[in-house]
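I have a structure I would like to understand better, so I am pasting it below and will then ask my questions one at a time.
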Amino acid sequence: MIRDPDALARACAEAMAAGDRASAGLGMVLESVGPGRAVMRMTVTEAMVNGHGICHGGFIFTLADSAFAYACNSHGARAVAQHGAITFLRPARRGETLRAEAVERIAAGRSGLTDVRVTGADGEVVAELRGQSRLTGGHFFNPEEG
Amino acid sequence: MIRDPDALARACAEAMAAGDRASAGLGMVLESVGPGRAVMRMTVTEAMVNGHGICHGGFIFTLADSAFAYACNSHGARAVAQHGAITFLRPARRGETLRAEAVERIAAGRSGLTDVRVTGADGEVVAELRGQSRLTGGHFFNPEEG
Amino acid sequence: MIRDPDALARACAEAMAAGDRASAGLGMVLESVGPGRAVMRMTVTEAMVNGHGICHGGFIFTLADSAFAYACNSHGARAVAQHGAITFLRPARRGETLRAEAVERIAAGRSGLTDVRVTGADGEVVAELRGQSRLTGGHFFNPEEG
Amino acid sequence: MIRDPDALARACAEAMAAGDRASAGLGMVLESVGPGRAVMRMTVTEAMVNGHGICHGGFIFTLADSAFAYACNSHGARAVAQHGAITFLRPARRGETLRAEAVERIAAGRSGLTDVRVTGADGEVVAELRGQSRLTGGHFFNPEEG
(Lines give C-alpha, C1' and ligand atoms only; values in the text may rest on other atoms or scores of the structure.)
Protein backbone atom coordinates (compact mmCIF):
# COMPACT_ATOMS: atom_id res chain seq x y z
CA MET A 1 0.00 0.00 0.00
CA ILE A 2 1.30 3.44 -0.98
CA ARG A 3 1.28 5.60 2.14
CA ASP A 4 3.06 8.72 0.91
CA PRO A 5 0.39 11.07 -0.55
CA ASP A 6 2.73 12.42 -3.24
CA ALA A 7 3.83 8.96 -4.33
CA LEU A 8 0.18 7.83 -4.35
CA ALA A 9 -0.80 10.81 -6.52
CA ARG A 10 1.98 9.96 -9.00
CA ALA A 11 1.01 6.28 -9.07
CA CYS A 12 -2.67 7.12 -9.69
CA ALA A 13 -1.65 9.51 -12.49
CA GLU A 14 0.45 6.80 -14.12
CA ALA A 15 -2.44 4.33 -13.94
CA MET A 16 -4.80 6.91 -15.44
CA ALA A 17 -2.34 8.03 -18.12
CA ALA A 18 -1.85 4.45 -19.35
CA GLY A 19 -5.38 4.42 -20.75
CA ASP A 20 -5.86 8.13 -21.36
CA ARG A 21 -5.77 8.18 -25.16
CA ALA A 22 -7.74 11.41 -25.22
CA SER A 23 -5.28 13.63 -23.35
CA ALA A 24 -2.26 12.10 -25.11
CA GLY A 25 -3.86 12.45 -28.54
CA LEU A 26 -4.33 16.19 -28.02
CA GLY A 27 -0.67 16.57 -27.06
CA MET A 28 -1.33 17.23 -23.38
CA VAL A 29 1.60 16.93 -21.00
CA LEU A 30 1.12 16.34 -17.28
CA GLU A 31 3.63 18.75 -15.80
CA SER A 32 3.10 17.89 -12.16
CA VAL A 33 0.67 16.08 -9.88
CA GLY A 34 0.18 15.88 -6.13
CA PRO A 35 -2.60 15.23 -3.61
CA GLY A 36 -5.59 17.18 -4.93
CA ARG A 37 -3.65 19.06 -7.59
CA ALA A 38 -2.33 18.74 -11.13
CA VAL A 39 -0.80 20.96 -13.82
CA MET A 40 -1.17 20.16 -17.53
CA ARG A 41 -0.04 21.92 -20.70
CA MET A 42 -1.35 21.77 -24.27
CA THR A 43 -0.51 23.70 -27.41
CA VAL A 44 -3.40 24.93 -29.59
CA THR A 45 -2.98 23.26 -32.98
CA GLU A 46 -4.46 24.09 -36.38
CA ALA A 47 -6.93 21.23 -35.78
CA MET A 48 -8.39 22.99 -32.72
CA VAL A 49 -9.47 26.18 -34.50
CA ASN A 50 -13.19 26.96 -34.82
CA GLY A 51 -15.34 28.98 -37.23
CA HIS A 52 -14.31 32.27 -35.59
CA GLY A 53 -10.58 31.54 -36.22
CA ILE A 54 -9.75 30.98 -32.53
CA CYS A 55 -9.35 27.88 -30.36
CA HIS A 56 -12.67 26.00 -30.04
CA GLY A 57 -13.84 26.36 -26.44
CA GLY A 58 -14.29 22.59 -26.29
CA PHE A 59 -10.53 22.03 -26.36
CA ILE A 60 -9.97 24.57 -23.59
CA PHE A 61 -12.61 22.72 -21.55
CA THR A 62 -10.98 19.38 -22.40
CA LEU A 63 -7.57 20.55 -21.16
CA ALA A 64 -9.12 21.89 -17.95
CA ASP A 65 -11.18 18.73 -17.52
CA SER A 66 -8.07 16.55 -17.83
CA ALA A 67 -6.24 18.56 -15.16
CA PHE A 68 -9.40 18.28 -13.03
CA ALA A 69 -9.43 14.49 -13.48
CA TYR A 70 -5.78 14.03 -12.47
CA ALA A 71 -6.33 16.26 -9.42
CA CYS A 72 -9.45 14.54 -8.11
CA ASN A 73 -8.18 11.03 -8.88
CA SER A 74 -4.98 11.57 -6.89
CA HIS A 75 -6.05 10.01 -3.58
CA GLY A 76 -6.44 6.40 -4.73
CA ALA A 77 -10.23 6.38 -5.14
CA ARG A 78 -11.74 6.71 -8.62
CA ALA A 79 -13.74 9.89 -9.20
CA VAL A 80 -15.70 11.12 -12.23
CA ALA A 81 -16.99 14.53 -13.24
CA GLN A 82 -20.64 15.11 -12.47
CA HIS A 83 -20.86 18.79 -13.36
CA GLY A 84 -18.50 21.35 -14.83
CA ALA A 85 -18.97 25.10 -15.23
CA ILE A 86 -16.50 27.05 -17.34
CA THR A 87 -16.16 30.81 -17.80
CA PHE A 88 -14.30 31.91 -20.92
CA LEU A 89 -12.34 35.11 -20.29
CA ARG A 90 -10.25 35.65 -23.42
CA PRO A 91 -9.73 33.73 -26.69
CA ALA A 92 -6.79 31.34 -27.15
CA ARG A 93 -4.84 31.55 -30.40
CA ARG A 94 -3.41 28.80 -32.58
CA GLY A 95 0.17 28.02 -31.60
CA GLU A 96 -0.36 29.25 -28.05
CA THR A 97 0.62 26.91 -25.20
CA LEU A 98 -2.05 26.79 -22.50
CA ARG A 99 -1.43 25.80 -18.89
CA ALA A 100 -4.17 24.37 -16.67
CA GLU A 101 -3.67 24.29 -12.92
CA ALA A 102 -6.20 22.27 -10.92
CA VAL A 103 -6.59 22.59 -7.16
CA GLU A 104 -9.14 20.64 -5.13
CA ARG A 105 -11.25 23.12 -3.17
CA ILE A 106 -13.22 20.74 -1.04
CA ALA A 107 -14.06 17.08 -0.56
CA ALA A 108 -17.23 16.30 1.40
CA GLY A 109 -18.42 12.72 1.56
CA ARG A 110 -18.48 11.31 -1.97
CA SER A 111 -18.57 14.77 -3.59
CA GLY A 112 -15.78 17.22 -4.31
CA LEU A 113 -15.17 20.57 -5.96
CA THR A 114 -11.99 21.27 -7.92
CA ASP A 115 -11.09 24.62 -9.48
CA VAL A 116 -8.98 24.85 -12.62
CA ARG A 117 -7.39 28.01 -13.98
CA VAL A 118 -6.28 27.99 -17.62
CA THR A 119 -3.67 30.59 -18.53
CA GLY A 120 -2.19 31.61 -21.88
CA ALA A 121 1.38 32.18 -23.01
CA ASP A 122 1.38 35.65 -21.41
CA GLY A 123 0.13 34.34 -18.09
CA GLU A 124 -3.30 35.93 -18.57
CA VAL A 125 -6.32 33.86 -17.59
CA VAL A 126 -8.08 32.27 -20.58
CA ALA A 127 -10.73 30.34 -18.66
CA GLU A 128 -11.80 29.21 -15.20
CA LEU A 129 -13.44 25.82 -14.64
CA ARG A 130 -15.15 24.59 -11.49
CA GLY A 131 -15.76 20.86 -11.59
CA GLN A 132 -17.90 18.77 -9.26
CA SER A 133 -16.67 15.21 -8.85
CA ARG A 134 -18.23 12.09 -7.40
CA LEU A 135 -16.46 8.98 -6.15
CA THR A 136 -17.44 5.88 -8.12
CA GLY A 137 -16.58 3.42 -5.34
CA GLY A 138 -13.68 1.96 -7.35
CA HIS A 139 -9.97 2.24 -6.53
CA PHE A 140 -6.78 2.38 -8.58
CA PHE A 141 -5.03 -0.17 -6.42
CA ASN A 142 -6.23 -2.95 -4.16
CA PRO A 143 -6.76 -1.08 -0.89
CA GLU A 144 -5.38 -4.13 0.99
CA GLU A 145 -2.12 -4.47 -0.92
CA GLY A 146 -1.82 -1.08 -2.68
CA MET B 1 -29.69 40.54 -47.70
CA ILE B 2 -31.04 37.15 -46.61
CA ARG B 3 -34.53 37.70 -45.23
CA ASP B 4 -35.73 34.13 -44.71
CA PRO B 5 -34.67 33.04 -41.18
CA ASP B 6 -34.08 29.42 -42.24
CA ALA B 7 -32.00 30.39 -45.25
CA LEU B 8 -30.04 32.84 -43.07
CA ALA B 9 -29.35 30.11 -40.48
CA ARG B 10 -28.06 27.79 -43.22
CA ALA B 11 -25.88 30.55 -44.71
CA CYS B 12 -24.37 31.40 -41.29
CA ALA B 13 -23.70 27.70 -40.67
CA GLU B 14 -21.91 27.39 -44.03
CA ALA B 15 -19.79 30.44 -43.25
CA MET B 16 -18.91 29.02 -39.82
CA ALA B 17 -18.27 25.51 -41.11
CA ALA B 18 -15.79 26.77 -43.72
CA GLY B 19 -13.29 27.63 -40.98
CA ASP B 20 -14.39 25.14 -38.32
CA ARG B 21 -11.45 22.75 -38.40
CA ALA B 22 -12.19 21.61 -34.86
CA SER B 23 -15.68 20.18 -35.42
CA ALA B 24 -14.72 18.62 -38.77
CA GLY B 25 -11.56 17.06 -37.33
CA LEU B 26 -13.58 15.26 -34.66
CA GLY B 27 -15.93 13.85 -37.30
CA MET B 28 -18.90 15.99 -36.31
CA VAL B 29 -21.75 16.25 -38.79
CA LEU B 30 -24.23 19.13 -38.72
CA GLU B 31 -27.51 17.32 -39.23
CA SER B 32 -29.78 20.34 -39.28
CA VAL B 33 -29.77 24.04 -38.44
CA GLY B 34 -32.46 26.69 -38.13
CA PRO B 35 -33.07 29.97 -36.31
CA GLY B 36 -31.80 29.38 -32.76
CA ARG B 37 -31.35 25.63 -33.19
CA ALA B 38 -28.91 23.03 -34.46
CA VAL B 39 -28.43 19.26 -34.33
CA MET B 40 -24.97 17.67 -34.58
CA ARG B 41 -23.74 14.08 -34.45
CA MET B 42 -20.35 12.63 -33.53
CA THR B 43 -19.12 9.08 -33.06
CA VAL B 44 -16.87 8.35 -30.06
CA THR B 45 -13.55 7.13 -31.46
CA GLU B 46 -10.70 5.25 -29.83
CA ALA B 47 -8.86 8.58 -29.63
CA MET B 48 -11.55 10.03 -27.35
CA VAL B 49 -11.26 7.46 -24.57
CA ASN B 50 -9.96 8.55 -21.15
CA GLY B 51 -8.20 6.85 -18.26
CA HIS B 52 -11.46 5.28 -17.03
CA GLY B 53 -12.05 3.56 -20.42
CA ILE B 54 -15.02 5.77 -21.37
CA CYS B 55 -15.40 8.86 -23.56
CA HIS B 56 -13.49 11.83 -22.09
CA GLY B 57 -16.05 14.38 -20.90
CA GLY B 58 -14.18 17.04 -22.84
CA PHE B 59 -15.30 15.56 -26.16
CA ILE B 60 -18.92 15.39 -25.00
CA PHE B 61 -18.63 19.06 -24.02
CA THR B 62 -16.99 19.86 -27.38
CA LEU B 63 -19.84 18.26 -29.35
CA ALA B 64 -22.43 20.12 -27.24
CA ASP B 65 -20.45 23.37 -27.55
CA SER B 66 -20.37 23.06 -31.36
CA ALA B 67 -24.15 22.55 -31.53
CA PHE B 68 -24.48 25.54 -29.18
CA ALA B 69 -22.29 27.66 -31.49
CA TYR B 70 -24.27 26.82 -34.63
CA ALA B 71 -27.54 27.56 -32.81
CA CYS B 72 -26.56 30.93 -31.37
CA ASN B 73 -24.77 32.06 -34.54
CA SER B 74 -27.83 31.40 -36.71
CA HIS B 75 -29.29 34.93 -36.80
CA GLY B 76 -26.52 36.69 -38.72
CA ALA B 77 -24.73 38.27 -35.74
CA ARG B 78 -21.57 36.65 -34.39
CA ALA B 79 -21.83 35.25 -30.84
CA VAL B 80 -19.27 33.57 -28.59
CA ALA B 81 -19.61 31.41 -25.49
CA GLN B 82 -19.08 33.27 -22.24
CA HIS B 83 -20.05 30.51 -19.83
CA GLY B 84 -21.02 26.87 -20.15
CA ALA B 85 -22.32 24.47 -17.48
CA ILE B 86 -22.52 20.78 -18.25
CA THR B 87 -24.10 17.97 -16.23
CA PHE B 88 -22.88 14.48 -17.05
CA LEU B 89 -25.66 11.90 -16.62
CA ARG B 90 -24.26 8.66 -18.00
CA PRO B 91 -20.95 7.61 -19.62
CA ALA B 92 -20.56 7.43 -23.42
CA ARG B 93 -18.84 4.37 -24.90
CA ARG B 94 -16.37 4.07 -27.72
CA GLY B 95 -18.13 3.47 -31.03
CA GLU B 96 -21.33 5.12 -29.81
CA THR B 97 -22.83 7.86 -31.96
CA LEU B 98 -23.88 10.88 -29.91
CA ARG B 99 -26.50 13.41 -30.96
CA ALA B 100 -26.50 16.99 -29.62
CA GLU B 101 -29.63 19.09 -30.02
CA ALA B 102 -29.27 22.79 -29.24
CA VAL B 103 -32.26 25.08 -28.69
CA GLU B 104 -31.94 28.77 -27.85
CA ARG B 105 -33.86 29.43 -24.63
CA ILE B 106 -33.67 33.19 -24.50
CA ALA B 107 -31.98 36.18 -26.09
CA ALA B 108 -31.94 39.38 -24.04
CA GLY B 109 -29.90 42.31 -25.31
CA ARG B 110 -26.41 41.07 -26.15
CA SER B 111 -26.75 37.93 -23.97
CA GLY B 112 -28.41 34.61 -24.69
CA LEU B 113 -28.94 31.19 -23.13
CA THR B 114 -28.95 28.03 -25.24
CA ASP B 115 -29.67 24.53 -23.91
CA VAL B 116 -28.09 21.46 -25.48
CA ARG B 117 -29.16 17.87 -24.82
CA VAL B 118 -26.68 15.12 -25.74
CA THR B 119 -28.21 11.68 -26.22
CA GLY B 120 -26.63 8.30 -26.83
CA ALA B 121 -27.38 5.53 -29.31
CA ASP B 122 -30.30 4.33 -27.16
CA GLY B 123 -31.83 7.80 -26.93
CA GLU B 124 -30.89 8.14 -23.26
CA VAL B 125 -29.50 11.47 -22.12
CA VAL B 126 -25.71 11.48 -21.74
CA ALA B 127 -25.29 15.15 -20.80
CA GLU B 128 -27.07 18.48 -20.62
CA LEU B 129 -25.25 21.74 -21.38
CA ARG B 130 -26.49 25.26 -20.74
CA GLY B 131 -24.39 27.85 -22.56
CA GLN B 132 -24.42 31.60 -22.12
CA SER B 133 -23.53 33.52 -25.28
CA ARG B 134 -22.59 37.12 -25.94
CA LEU B 135 -22.78 38.99 -29.25
CA THR B 136 -19.37 40.21 -30.39
CA GLY B 137 -20.72 43.06 -32.54
CA GLY B 138 -19.54 41.36 -35.76
CA HIS B 139 -21.77 39.92 -38.50
CA PHE B 140 -21.44 37.04 -40.96
CA PHE B 141 -22.62 39.10 -43.90
CA ASN B 142 -22.63 42.80 -44.67
CA PRO B 143 -25.94 43.87 -43.07
CA GLU B 144 -26.46 46.26 -46.04
CA GLU B 145 -25.99 43.74 -48.84
CA GLY B 146 -26.32 40.41 -47.06
CA MET C 1 -51.65 5.04 -1.97
CA ILE C 2 -52.20 8.00 -4.26
CA ARG C 3 -52.08 6.72 -7.83
CA ASP C 4 -53.11 9.81 -9.79
CA PRO C 5 -49.92 11.82 -10.56
CA ASP C 6 -51.70 15.18 -10.29
CA ALA C 7 -53.32 14.29 -6.98
CA LEU C 8 -49.96 13.00 -5.70
CA ALA C 9 -48.23 16.24 -6.73
CA ARG C 10 -50.87 18.27 -4.87
CA ALA C 11 -50.59 16.06 -1.77
CA CYS C 12 -46.78 16.37 -1.72
CA ALA C 13 -47.08 20.15 -2.10
CA GLU C 14 -49.49 20.32 0.84
CA ALA C 15 -47.14 18.24 2.98
CA MET C 16 -44.19 20.49 2.02
CA ALA C 17 -46.16 23.72 2.46
CA ALA C 18 -47.19 22.78 6.00
CA GLY C 19 -43.59 23.24 7.17
CA ASP C 20 -42.40 25.75 4.62
CA ARG C 21 -42.12 28.85 6.79
CA ALA C 22 -39.58 30.36 4.40
CA SER C 23 -41.78 30.57 1.30
CA ALA C 24 -44.83 31.67 3.28
CA GLY C 25 -42.87 34.33 5.15
CA LEU C 26 -41.80 35.93 1.90
CA GLY C 27 -45.39 36.06 0.68
CA MET C 28 -44.98 33.35 -1.96
CA VAL C 29 -48.13 31.80 -3.37
CA LEU C 30 -48.10 28.39 -5.04
CA GLU C 31 -50.27 29.01 -8.09
CA SER C 32 -50.24 25.48 -9.48
CA VAL C 33 -48.39 22.21 -9.12
CA GLY C 34 -48.30 18.99 -11.13
CA PRO C 35 -45.95 16.08 -11.83
CA GLY C 36 -42.53 17.70 -12.34
CA ARG C 37 -43.85 21.26 -12.46
CA ALA C 38 -44.85 24.17 -10.25
CA VAL C 39 -45.69 27.85 -10.60
CA MET C 40 -45.13 30.32 -7.75
CA ARG C 41 -45.63 34.07 -7.40
CA MET C 42 -44.02 36.61 -5.07
CA THR C 43 -44.22 40.39 -4.85
CA VAL C 44 -40.97 42.32 -4.29
CA THR C 45 -41.36 44.18 -1.00
CA GLU C 46 -39.44 47.09 0.48
CA ALA C 47 -37.60 44.55 2.64
CA MET C 48 -36.13 42.82 -0.43
CA VAL C 49 -34.34 45.86 -1.84
CA ASN C 50 -30.53 45.89 -1.94
CA GLY C 51 -27.83 48.57 -1.94
CA HIS C 52 -28.39 49.29 -5.65
CA GLY C 53 -32.11 50.08 -5.05
CA ILE C 54 -33.36 46.94 -6.85
CA CYS C 55 -34.51 43.51 -5.66
CA HIS C 56 -31.65 41.58 -4.03
CA GLY C 57 -30.77 38.67 -6.31
CA GLY C 58 -31.03 36.35 -3.33
CA PHE C 59 -34.81 36.78 -3.18
CA ILE C 60 -35.16 36.08 -6.91
CA PHE C 61 -33.09 32.91 -6.36
CA THR C 62 -35.23 32.00 -3.33
CA LEU C 63 -38.47 32.29 -5.32
CA ALA C 64 -37.00 30.18 -8.15
CA ASP C 65 -35.60 27.67 -5.66
CA SER C 66 -39.01 27.26 -4.02
CA ALA C 67 -40.69 26.58 -7.37
CA PHE C 68 -37.85 24.14 -8.10
CA ALA C 69 -38.48 22.35 -4.78
CA TYR C 70 -42.23 21.95 -5.35
CA ALA C 71 -41.57 20.65 -8.89
CA CYS C 72 -38.95 18.06 -7.98
CA ASN C 73 -40.77 16.91 -4.83
CA SER C 74 -43.99 16.22 -6.75
CA HIS C 75 -43.53 12.47 -7.32
CA GLY C 76 -43.72 11.29 -3.70
CA ALA C 77 -39.97 10.91 -3.09
CA ARG C 78 -38.12 13.60 -1.18
CA ALA C 79 -35.48 15.52 -3.19
CA VAL C 80 -33.08 18.29 -2.20
CA ALA C 81 -31.08 20.80 -4.24
CA GLN C 82 -27.48 19.85 -4.81
CA HIS C 83 -26.50 22.60 -7.22
CA GLY C 84 -28.21 25.66 -8.64
CA ALA C 85 -27.03 28.01 -11.39
CA ILE C 86 -28.88 31.28 -11.95
CA THR C 87 -28.49 33.82 -14.74
CA PHE C 88 -29.83 37.30 -13.97
CA LEU C 89 -31.22 38.95 -17.10
CA ARG C 90 -32.88 42.16 -15.90
CA PRO C 91 -33.43 43.80 -12.48
CA ALA C 92 -36.70 43.35 -10.57
CA ARG C 93 -38.28 46.43 -9.01
CA ARG C 94 -39.98 46.90 -5.65
CA GLY C 95 -43.71 46.32 -5.93
CA GLU C 96 -43.30 44.07 -8.96
CA THR C 97 -44.94 40.62 -8.86
CA LEU C 98 -42.61 37.90 -10.08
CA ARG C 99 -43.74 34.55 -11.46
CA ALA C 100 -41.51 31.46 -11.35
CA GLU C 101 -42.37 28.49 -13.54
CA ALA C 102 -40.45 25.29 -12.84
CA VAL C 103 -40.36 22.37 -15.28
CA GLU C 104 -38.41 19.16 -14.65
CA ARG C 105 -36.07 18.61 -17.60
CA ILE C 106 -34.77 15.18 -16.76
CA ALA C 107 -34.67 12.58 -14.02
CA ALA C 108 -31.90 9.99 -14.23
CA GLY C 109 -31.39 7.62 -11.33
CA ARG C 110 -31.26 9.64 -8.12
CA SER C 111 -30.40 12.89 -9.95
CA GLY C 112 -32.62 15.35 -11.76
CA LEU C 113 -32.45 18.70 -13.54
CA THR C 114 -35.25 21.24 -13.26
CA ASP C 115 -35.37 24.57 -15.12
CA VAL C 116 -37.10 27.61 -13.66
CA ARG C 117 -37.96 30.78 -15.55
CA VAL C 118 -38.69 33.90 -13.51
CA THR C 119 -40.69 36.57 -15.32
CA GLY C 120 -41.66 40.11 -14.31
CA ALA C 121 -44.94 41.99 -14.45
CA ASP C 122 -44.45 42.68 -18.17
CA GLY C 123 -43.77 39.02 -18.95
CA GLU C 124 -40.08 39.69 -19.63
CA VAL C 125 -37.59 37.17 -18.25
CA VAL C 126 -35.88 38.36 -15.05
CA ALA C 127 -33.80 35.23 -14.39
CA GLU C 128 -33.30 31.61 -15.40
CA LEU C 129 -32.35 28.96 -12.83
CA ARG C 130 -31.20 25.41 -13.53
CA GLY C 131 -31.27 23.28 -10.41
CA GLN C 132 -29.78 19.84 -9.89
CA SER C 133 -31.68 17.70 -7.39
CA ARG C 134 -30.88 14.50 -5.58
CA LEU C 135 -33.30 12.05 -3.99
CA THR C 136 -32.73 11.71 -0.25
CA GLY C 137 -34.29 8.23 0.01
CA GLY C 138 -37.20 9.55 2.08
CA HIS C 139 -40.85 9.73 1.02
CA PHE C 140 -43.76 12.05 1.81
CA PHE C 141 -46.17 9.18 2.41
CA ASN C 142 -45.72 5.60 3.45
CA PRO C 143 -45.19 3.89 0.07
CA GLU C 144 -47.27 0.95 1.38
CA GLU C 145 -50.30 2.91 2.50
CA GLY C 146 -49.77 6.31 0.81
CA MET D 1 -10.73 60.90 -3.78
CA ILE D 2 -10.11 57.88 -1.55
CA ARG D 3 -6.73 56.45 -2.49
CA ASP D 4 -6.25 53.80 0.20
CA PRO D 5 -7.81 50.54 -1.08
CA ASP D 6 -8.95 49.45 2.41
CA ALA D 7 -10.53 52.79 3.19
CA LEU D 8 -12.20 52.79 -0.25
CA ALA D 9 -13.61 49.28 0.36
CA ARG D 10 -15.05 50.41 3.71
CA ALA D 11 -16.54 53.56 2.18
CA CYS D 12 -18.18 51.56 -0.64
CA ALA D 13 -19.57 49.10 1.90
CA GLU D 14 -21.06 51.94 3.95
CA ALA D 15 -22.66 53.44 0.84
CA MET D 16 -24.10 50.02 -0.11
CA ALA D 17 -25.24 49.20 3.42
CA ALA D 18 -27.20 52.46 3.71
CA GLY D 19 -29.73 51.17 1.15
CA ASP D 20 -29.35 47.45 1.69
CA ARG D 21 -32.66 46.69 3.39
CA ALA D 22 -32.47 43.06 2.29
CA SER D 23 -29.27 42.08 4.11
CA ALA D 24 -30.18 44.06 7.22
CA GLY D 25 -33.68 42.60 7.34
CA LEU D 26 -32.29 39.08 7.41
CA GLY D 27 -30.01 39.98 10.32
CA MET D 28 -26.79 39.85 8.31
CA VAL D 29 -23.72 41.47 9.81
CA LEU D 30 -20.78 42.59 7.70
CA GLU D 31 -17.85 41.38 9.76
CA SER D 32 -15.07 42.72 7.55
CA VAL D 33 -14.48 44.13 4.10
CA GLY D 34 -11.40 44.89 2.03
CA PRO D 35 -10.36 45.18 -1.61
CA GLY D 36 -12.05 42.22 -3.33
CA ARG D 37 -13.13 40.52 -0.12
CA ALA D 38 -15.88 40.51 2.50
CA VAL D 39 -17.05 38.37 5.41
CA MET D 40 -20.70 38.29 6.51
CA ARG D 41 -22.58 36.37 9.20
CA MET D 42 -26.25 35.44 9.51
CA THR D 43 -28.16 33.29 11.97
CA VAL D 44 -30.76 30.88 10.59
CA THR D 45 -34.10 31.91 12.07
CA GLU D 46 -37.40 30.06 12.36
CA ALA D 47 -38.61 32.09 9.38
CA MET D 48 -35.91 30.60 7.13
CA VAL D 49 -36.94 26.97 7.55
CA ASN D 50 -38.34 25.08 4.53
CA GLY D 51 -40.65 22.10 4.05
CA HIS D 52 -37.85 19.64 4.90
CA GLY D 53 -37.28 21.29 8.31
CA ILE D 54 -33.86 22.76 7.39
CA CYS D 55 -32.70 26.19 6.22
CA HIS D 56 -34.18 27.03 2.78
CA GLY D 57 -31.31 27.06 0.26
CA GLY D 58 -32.47 30.46 -0.91
CA PHE D 59 -31.34 32.08 2.36
CA ILE D 60 -27.94 30.40 2.15
CA PHE D 61 -27.64 31.75 -1.41
CA THR D 62 -28.78 35.20 -0.24
CA LEU D 63 -26.12 35.35 2.47
CA ALA D 64 -23.43 34.24 -0.01
CA ASP D 65 -24.73 36.68 -2.63
CA SER D 66 -24.53 39.58 -0.15
CA ALA D 67 -20.91 38.75 0.71
CA PHE D 68 -20.25 38.49 -3.04
CA ALA D 69 -21.79 41.94 -3.61
CA TYR D 70 -19.72 43.63 -0.88
CA ALA D 71 -16.54 41.99 -2.25
CA CYS D 72 -17.03 42.92 -5.91
CA ASN D 73 -18.29 46.44 -5.11
CA SER D 74 -15.20 47.24 -3.02
CA HIS D 75 -13.13 49.05 -5.68
CA GLY D 76 -15.37 52.10 -6.20
CA ALA D 77 -17.09 50.91 -9.41
CA ARG D 78 -20.62 49.48 -9.20
CA ALA D 79 -20.93 45.80 -10.12
CA VAL D 80 -23.96 43.50 -10.32
CA ALA D 81 -24.29 39.72 -10.39
CA GLN D 82 -24.78 38.25 -13.84
CA HIS D 83 -24.56 34.57 -12.93
CA GLY D 84 -24.23 32.58 -9.73
CA ALA D 85 -23.65 28.85 -9.25
CA ILE D 86 -24.04 27.36 -5.80
CA THR D 87 -23.21 23.85 -4.58
CA PHE D 88 -24.97 22.76 -1.40
CA LEU D 89 -22.76 20.46 0.69
CA ARG D 90 -24.60 19.99 3.96
CA PRO D 91 -27.89 21.32 5.44
CA ALA D 92 -27.94 24.32 7.77
CA ARG D 93 -30.03 24.09 10.92
CA ARG D 94 -32.26 26.67 12.59
CA GLY D 95 -30.34 28.65 15.18
CA GLU D 96 -27.02 28.02 13.45
CA THR D 97 -24.84 31.04 12.65
CA LEU D 98 -23.45 30.88 9.11
CA ARG D 99 -20.33 32.69 7.94
CA ALA D 100 -19.78 33.63 4.29
CA GLU D 101 -16.31 34.58 3.13
CA ALA D 102 -16.05 36.11 -0.34
CA VAL D 103 -12.76 36.42 -2.23
CA GLU D 104 -12.47 37.88 -5.72
CA ARG D 105 -10.78 35.32 -7.95
CA ILE D 106 -10.29 37.37 -11.08
CA ALA D 107 -11.26 40.65 -12.71
CA ALA D 108 -10.92 40.81 -16.50
CA GLY D 109 -12.27 43.86 -18.31
CA ARG D 110 -15.83 44.46 -17.13
CA SER D 111 -16.26 40.89 -15.85
CA GLY D 112 -15.17 39.30 -12.61
CA LEU D 113 -15.42 36.01 -10.72
CA THR D 114 -15.78 35.92 -6.94
CA ASP D 115 -15.84 32.74 -4.83
CA VAL D 116 -17.79 32.55 -1.58
CA ARG D 117 -17.49 29.80 1.02
CA VAL D 118 -20.31 29.43 3.54
CA THR D 119 -19.41 27.60 6.72
CA GLY D 120 -21.51 26.45 9.66
CA ALA D 121 -21.07 26.76 13.40
CA ASP D 122 -18.64 23.80 13.38
CA GLY D 123 -16.50 25.29 10.60
CA GLU D 124 -17.71 22.71 8.09
CA VAL D 125 -18.56 23.93 4.62
CA VAL D 126 -22.31 24.32 4.02
CA ALA D 127 -22.14 25.72 0.48
CA GLU D 128 -19.80 27.13 -2.14
CA LEU D 129 -20.91 29.92 -4.48
CA ARG D 130 -19.10 31.18 -7.57
CA GLY D 131 -20.53 34.48 -8.80
CA GLN D 132 -19.86 36.25 -12.07
CA SER D 133 -20.09 40.03 -11.84
CA ARG D 134 -20.31 42.77 -14.44
CA LEU D 135 -19.48 46.45 -13.98
CA THR D 136 -22.50 48.68 -14.61
CA GLY D 137 -20.46 51.78 -15.51
CA GLY D 138 -21.61 53.60 -12.37
CA HIS D 139 -19.46 54.60 -9.39
CA PHE D 140 -20.08 55.00 -5.66
CA PHE D 141 -18.29 58.32 -5.50
CA ASN D 142 -17.54 61.03 -8.05
CA PRO D 143 -14.28 59.76 -9.55
CA GLU D 144 -13.04 63.39 -9.69
CA GLU D 145 -13.68 64.26 -6.06
CA GLY D 146 -14.12 60.87 -4.39
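A, B, C and D label the chains in the order they appear, each numbered from 1.
Here is the rule we use: a residue touches a chain if its C-beta (ideal position, glycine included) is under 8 Å from a C-beta of that chain, and two chains touch if they have at least 3 such contacts.
These figures come from a predicted structure and were not determined experimentally.
A.B. asks: From chain D, which chain is the farthest off, judged by mean CA positions?
C.D. replies: For chain D, the chain whose C-alpha mean is farthest off is B.
A.B. asks: Compare the two sides of the chain C and chain D interface and say whether they are made mostly of the same residue numbers, over half shared, or of different ones.
C.D. replies: Comparing the two copies, chain C and chain D contact each other through largely the same residue numbers, since over half are shared.
A.B. asks: If you average the CA atoms of chain C and of chain D, how many Å lie between those two points?
C.D. replies: Here chain C and chain D have centroids separated by 23 Å.
A.B. asks: How big is the gap, in whole Å, between where the Cα atoms of chain B centre and where those of chain D centre?
C.D. replies: Those two chain centres are 35 Å apart.
A.B. asks: Pull out every residue in chain A that's touching 2 or more other chains.
C.D. replies: 83, 85, 87, 132
A.B. asks: Using the touch definition from the top, list the residues of chain B that touch chain C in their complex.
C.D. replies: 85, 87, 89-90, 105-106, 108, 111, 113, 115, 124-125, 128, 130, 132
A.B. asks: Where on chain A does chain B make contact in their complex?
C.D. replies: Interface residues on chain A, with respect to chain B: 15-23, 25, 46-53, 55-59, 61-63, 65-66, 69, 73, 78, 80-88, 91.
A.B. asks: How about chain D: which of its residues touch chain B in the complex?
C.D. replies: Of all residues in chain D, those touching chain B are 83, 85, 132.
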